[in-house]
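Take a look at this one; I'll ask things after.
In order of appearance the chains are A, B, C, D, E and F, and numbering begins at 1 in each one.
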Amino acid sequence: MKRVVTFGEIMMRLHTPGHQRFLQARSLEVTYGGGEANVAVALAQLGVPSRHVTCFPDNDLGRAASAFFRQHGVDFDRTVYQKDQRLGLYFLEVGAGMRPSRIIYDRYDSAFANMDPAAFDWDELLADACWFHWTGITPAISDNAAKACLQALETASRLGIPVSADVNYRRNLWQYGKTVQEVMPALVEHCDVMVCTEGDAKDIFGMETNGFQDMAEQMLARFPNAQSIIATRRDTLSASHNRLTGIGFSHKAGYQETDTYDINPIVDRIGGGDSFLAGYIYGRLNFSNELDALSFGTAASALKHLVEGDFAQHSVAEVEQILAGDVSGRLLR
Amino acid sequence: MKRVVTFGEIMMRLHTPGHQRFLQARSLEVTYGGGEANVAVALAQLGVPSRHVTCFPDNDLGRAASAFFRQHGVDFDRTVYQKDQRLGLYFLEVGAGMRPSRIIYDRYDSAFANMDPAAFDWDELLADACWFHWTGITPAISDNAAKACLQALETASRLGIPVSADVNYRRNLWQYGKTVQEVMPALVEHCDVMVCTEGDAKDIFGMETNGFQDMAEQMLARFPNAQSIIATRRDTLSASHNRLTGIGFSHKAGYQETDTYDINPIVDRIGGGDSFLAGYIYGRLNFSNELDALSFGTAASALKHLVEGDFAQHSVAEVEQILAGDVSGRLLR
Amino acid sequence: MKRVVTFGEIMMRLHTPGHQRFLQARSLEVTYGGGEANVAVALAQLGVPSRHVTCFPDNDLGRAASAFFRQHGVDFDRTVYQKDQRLGLYFLEVGAGMRPSRIIYDRYDSAFANMDPAAFDWDELLADACWFHWTGITPAISDNAAKACLQALETASRLGIPVSADVNYRRNLWQYGKTVQEVMPALVEHCDVMVCTEGDAKDIFGMETNGFQDMAEQMLARFPNAQSIIATRRDTLSASHNRLTGIGFSHKAGYQETDTYDINPIVDRIGGGDSFLAGYIYGRLNFSNELDALSFGTAASALKHLVEGDFAQHSVAEVEQILAGDVSGRLLR
Amino acid sequence: MKRVVTFGEIMMRLHTPGHQRFLQARSLEVTYGGGEANVAVALAQLGVPSRHVTCFPDNDLGRAASAFFRQHGVDFDRTVYQKDQRLGLYFLEVGAGMRPSRIIYDRYDSAFANMDPAAFDWDELLADACWFHWTGITPAISDNAAKACLQALETASRLGIPVSADVNYRRNLWQYGKTVQEVMPALVEHCDVMVCTEGDAKDIFGMETNGFQDMAEQMLARFPNAQSIIATRRDTLSASHNRLTGIGFSHKAGYQETDTYDINPIVDRIGGGDSFLAGYIYGRLNFSNELDALSFGTAASALKHLVEGDFAQHSVAEVEQILAGDVSGRLLR
Amino acid sequence: MKRVVTFGEIMMRLHTPGHQRFLQARSLEVTYGGGEANVAVALAQLGVPSRHVTCFPDNDLGRAASAFFRQHGVDFDRTVYQKDQRLGLYFLEVGAGMRPSRIIYDRYDSAFANMDPAAFDWDELLADACWFHWTGITPAISDNAAKACLQALETASRLGIPVSADVNYRRNLWQYGKTVQEVMPALVEHCDVMVCTEGDAKDIFGMETNGFQDMAEQMLARFPNAQSIIATRRDTLSASHNRLTGIGFSHKAGYQETDTYDINPIVDRIGGGDSFLAGYIYGRLNFSNELDALSFGTAASALKHLVEGDFAQHSVAEVEQILAGDVSGRLLR
Amino acid sequence: MKRVVTFGEIMMRLHTPGHQRFLQARSLEVTYGGGEANVAVALAQLGVPSRHVTCFPDNDLGRAASAFFRQHGVDFDRTVYQKDQRLGLYFLEVGAGMRPSRIIYDRYDSAFANMDPAAFDWDELLADACWFHWTGITPAISDNAAKACLQALETASRLGIPVSADVNYRRNLWQYGKTVQEVMPALVEHCDVMVCTEGDAKDIFGMETNGFQDMAEQMLARFPNAQSIIATRRDTLSASHNRLTGIGFSHKAGYQETDTYDINPIVDRIGGGDSFLAGYIYGRLNFSNELDALSFGTAASALKHLVEGDFAQHSVAEVEQILAGDVSGRLLR
């Protein structure tokens, strides 16, 4: 069985226990996460073989990050360990009700940012790939990361591997001298599927759009390789209560909208988008129908909000139970 | 003051902290529980003397289980400790929202299952009893457990002690060669009060019924010693939010229905039914009115959902506050 | 910049983890709090210099309490440490849904109750003060505490320092031989602002009143120095869900009512009123408009319910976000 | 089988985790203990039925203390619960190496101190007793406690029940107006066995003595009912490493000295003396030989140092293994 | 690079925090371990590719056990998951000083015991193996496990793969009807290296021996394929303090004895022997000298005692530092 | 009373619980520390007013670090908060026995490294200083930090304030283009007291020395302002057991050597040297005798090893007890 390959940075995540604020914390809980690796691990839990490609410092923290993801069977054997580098990290405090969760990033100058693009042999890394996934965070980190990303995408295109991206514009990144507008278009050209919002379209591609469908149509027009634009519509009632709907547009299927899931109480909202993408990719690999893939992704995203950590922790059967309409949370003995 | 006597297996319960899934857990919280013992301890906390009869392995885990229940004043002095046996246990992860809580049982071949029925002198054990309670789990565990249960029930009948049962059909048990249909009728004949649902009536007694009242009437017709059939109607909005109503039918009082309690957020749903029964038995011992007993039981069940562990942790005054309509949860200084 | 000075007892707070009941707890979480000091620390976090005046036992627990508050920059350098005394404390279990939180106080005969009023040189303590705050708890504790409070108030009046009070009648205190009715009027005469409810007005001043505005008008009539009577109206839907509205009356501004905040789920309700007062004092020191002060206080109170511990943990910017209408709790990266 | 009855105060113990100092602690671990009750629970674990008599506040903390001891099967059914009282408590930080452990007591004005001696019907409480144990702490707490103690002792004498005491002079107690010298002699007259050191003999009875044996001979001469004076000799190498030897003198057996136990590392030193006494009483009830009792007590005391909490957690077999010379701590599968 | 393959049962290990006894524990720490898998994971951490072959229940506990070992890069892809089975487990409390650590096993009737030997295709599983390791625990568990073990050994012999065994006689196992004496000789015949003590030689093979060397010579005589008999000599000063020396005998190298390591304080003694074996195998694969292998194993075993959990957590460099004589534990920045 | 002023970087310290290795940790304990600030806080606990001067990122982590130190009364009001910067941090795992503790630093490019030297007005900062302390870590961090350090030292010299330094050569730092040999001599010229080892003298000043006294004499000769060279001699028996002796040389007092302290078991070795210096400075400010200062520092250092965290947690009385020879660790009630 072929693999999904993902590429991107992984950070140590240090979050305060319960609802503590940073000033109150005397301990921090440790997990590891990254937008692209979260997709790989979610797919592994759905039974899809996956490999994540990344660069870590050559120390026990880098090895701990590999170990954390390897638990779930993601292939980390191609990790590049770089001496005298640091692991990116982020600090998280979890809000409640009208108090937002907050993240303090501490990821500059990481091993990943300082990677050598030549360390990755993409022909070999993608040899048994059935899908490649990246996000707009990677080219935002450093010129080297952007270069490696482009090489990966060119290889994927050459090998005929479908590509998805969460274009995900993060204003605070992009500090190495190039702008998002300069870098992203050449990368996006290689994509079949994109998670993109109207805000992203404006910020990254300078598009003025009028609603999701209009944006999607413009995107598909501008990037002829792309076939689907997808997203989730999140109704943020509070830090503890969201509603989530999957939406998508493709030439083949037109505009699609899934059921809406009521998520209350939210356990951990981080990585909801990554679980959506993992679910959607699962759907694309297993279903013939765009809406089915979108629905699987949306249910998978909703379920992610109900576990701690950056990535999903559920099986196909658990997603299917939600899709079948059982959202009662009834005790299973 | 006479005692309520209960009989049944107690398991170690190992539950993941917070909302962790089994794969995430690096520690498990330890409590002990069992459907019948949960009734005994809830009654003790309501001021009703109680004794629980059970069989444990003769090791520190068996002794720890006794100690756990003895805290609350339940008499465990008659516990049979059996060498070279194991303690049954179950693993629990607590869901949230649309994600269900899950239980993995590991209770086969326990000290209780392997008990010697002759080890229990029911005449002595029930000498000072004012009530006897059992559940359909016990005869499902092993032939020996079923035999001991029958001996207890025959003794209770002979001594004129009222008997209650939660008939509680668990498909996954009943693996020792006899069927629920073979075993249960002879046991149920001794009962005055039964917790029974339409599903139970069908699975255990093969009854086709049309609504709770019809089922209850058929049950009372078939088991002439029985005087009341009771149950709770649970509206499962999510793993975090349920609504609960007590219902009952007896020839004397007809169909009864209590107020509905809105339980949000649920802290721990396990043992809600046991607390209902304990509250109902308390009511029967203290009130003349069937509806009052049913209402006390329902409020007691609702309160159980708001504490951790298998059994209730409340006083009579706390139940009465709910019954008096104060469900505001206003801070008590 | 001048300081807000507060005066009152601080207790060690011992609360059970999660939703455990007292009988279940094998550990207790330790923080420190007190109605007046909570105001000082909330103000310090809002950038207003503050000093708290109190009396502690001369042992490591008294020093730990000072250290806890000093974290946030409150000046504790004038603390009186008294040998052979005890620290008052209280035990807290946190409810959920219809189960109330409960407090067991253990504060009698504390270092604060046994203070020597002569130990406080109020002219010096208030020399750089721009506001003085006290509550009705202090004169309830002991005759000495009441005397020290009166001396502080007389000094504040003489120095022309504005004074606020939460009149806060606690029936269980007031055990040293004098009644609330004997003691409070002479203290309240020095106040410019009071938090007072109809119940307080009746219990403390014997007033029969007809609604908040009528009570406030009677209070302002009786205490001519007073200019504003303020309060929060709390709609207690459950221990986990409250709604909160600020209300106030002054001759200048008439009756005022703020937006209502929906607080769900409540993390920790203790100290909500103290955060309201701190926010209101902040508003009075920074805004010209009574309603703005009341609104700032109410938003600050609502935010307090969403962090653990007795006192607020938020900046001015966080309150302003709520005031600007953003109650979505959307993740901040 | 007859019971050992003990009488004395029980406190909540709040100790800092690991080796934290009070100022560092953000949580405190909760257990309960008291010199006399520690003897009762140790005996229960050695299979000797025991009852503890005490007075608690009528609140959830008093009930939690009862529950804690009841786990181990000690009879707490005669506990007097007194309204509007407090539970005595103490704070503990555990040292290491040359840094001492420290205790801060907060036990004045407790429910026990304020007990009504008439609440205890000693004839009934001691009806089935085979031994009575008290300590010099009880008469130090309050006049009422001293009176109740005297009544208990007179009853025990009248009923011919053997009595032991740890005379245990605590200078910081004895603050209610009477001196240890006034009160103790009349109590000690009823004792058969006393734990007493040269320091105690001097402080309590004004005796000038020259070594343990001389002291013991003087004590036996002065208190003709007494038959044995026992003690442990503790060589305090550090907070983490002690050596312990049991010593005793009786007319019958003369001077006795047990093996010396090397205790390293100490887990929790509190209650070592109580476990010694429990072991000695066990020995007296089961062995004919004074040295055997002393040895059993000393080994039981040594084992106590290796578990957390105020009281011993071991069976007879575990003590016997030590007595048989196996101090290797070899893993038991 | 070829792999070391190991075969055996893995249990969930539930150990009490700190030095708590089973009766005190309100939580249990969760790790997973098994004598053979511990060797595989220690080798993986030493950089030697390894695969463990086992059978788990097809539930989240089995998957959690796989995930736990997979962290460290051990290949678990050939795990057999069996429906409706249980995971073996063991409970551990950690002693101190003269108080022993204790284990309560609960491993009967596990998925591993009930395995189908036909589920393992040993030719395929051992295709890329450079070493095979098993222990005497596996054939003790069930007839099926013994059969699978024999098939593995026969395959290894046929493929010319070196084999090691820890013969490890556990009296409490061996309950399925065959005796250790009947089963083990046929298995041991395939071994090149054995960990064996004089006690094992007597219990398993009925040998009367006179010291380690005599035993080793008899073993080598009786099992002509065997080339080395190795062991550790453990001087158990207390549960907290051991001394450890590696010893071995082979025809080629004669009697060998390593340096002695002083281990104080012991953090976790479980799995010390498995780390010894892993280190020895590492040595055999990397060094030409028997004593070097023995020394590497002994240092690796000593280091294992200083980390928590069943298996070693160290790199080659860390072992080499010990071997180079640096046992000072000096801080590494 | 005048203050001791210290200057240097503070890092967040993230250490694994108990003896866990980095790969095992699922939570990290959070404290804050830095060589110079550790001196300030230790002095504050000894009753000496102190101020620490540093630069933090303008985020909640910087504020949390200030709060942590402010607990103990150190003046942090002059902290410079810098936008868009990061807090330096380090990861710690605590060894045992022959397994070393390990630190992974992650402190490059911190707010402190990127400070603007002009942000510090040393005339104002040192206006009320009685002592200034710095370490060789600060000039190693960045050119700006070295410049600020030099300005501080020149100001101190001009104001006649005594200066101490821990010259402390850390090879891994010093990466900004200048060498330790270029930078340090100009700084050291301003010092009265230096902690310096033979290794430091060689690495920093290129001195070939023959024992501590020879080194000290050469240092005093080369730096005429210097009056004392001090150090501790550490005998590292294991990570759990050290022996510590203070040594010093001055023209006035000649060679001095203190008592040796046996530290077993070590709780936390980090910051032992800082506590030595704080104790020595305390001694210099309070005693006339060099040996007394050295002894106080050595005892204070020994005590530091027995508490968790980077800095000392003891009072003068606790040090004096050790100095008086009481190293028994006997329980203090």
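The working rule: contacts are C-beta pairs under 8 Å (C-beta built on N, C-alpha and C of every residue); 3 or more make two chains touch, one makes a residue touch a chain.
All figures in this text were calculated on a predicted structure; none of them were measured in a lab.
Enquirer: Would you pick out the chains that touch subunit A and also touch subunit B?
Expert: C, E
Enquirer: Could you state the distance in Å from the CA-based centre of subunit B to that of subunit C?
Expert: Using C-alpha averages as centres, the distance is 46 Å.
Enquirer: Indicate the whole-number Å distance between the mean C-alpha point of subunit A and the mean C-alpha point of subunit D.
Expert: Those two chain centres are 62 Å apart.
Enquirer: Counting only Cα atoms for the centres, state how far subunit C is from subunit F in Å.
Expert: Chain centroid spacing, subunit C to subunit F, equals 41 Å.
Enquirer: By the touch rule stated above, which residues of subunit C touch at least two different other chains?
Expert: Only 21, 23, 26, 67, 71-72, 102, 265 qualify.
Enquirer: Quick one: do these chains touch in a line, a ring, a star, all-to-all (complete), or other?
Expert: other
Enquirer: Run through the chains and report each pair that touches.
Expert: Chain-chain contacts present: A-B, A-C, A-E, A-F, B-C, B-D, B-E, C-D, C-F, D-E, D-F, E-F.
Enquirer: Which bits of subunit D are touching subunit E when the two form their complex?
Expert: Residue positions touching the partner: 71-72, 261-267, 302-303, 305-309, 313, 318, 322, 327-333.
Enquirer: Provide the residue numbers of subunit B that touch subunit A in the complex, in ascending order.
Expert: 18-21, 23-24, 95-103, 105, 170, 172, 236-241, 265, 269-270
Enquirer: Once bound in the complex, which stretches of subunit F touch subunit C?
Expert: 67-68, 70-73
Enquirer: For the complex, which residues does subunit C have touching subunit D?
Expert: Subunit C residues touching subunit D: 14, 17, 21-23, 25-31, 59-61, 63-64, 67, 86-87, 91, 93, 102, 104, 106, 108-109.
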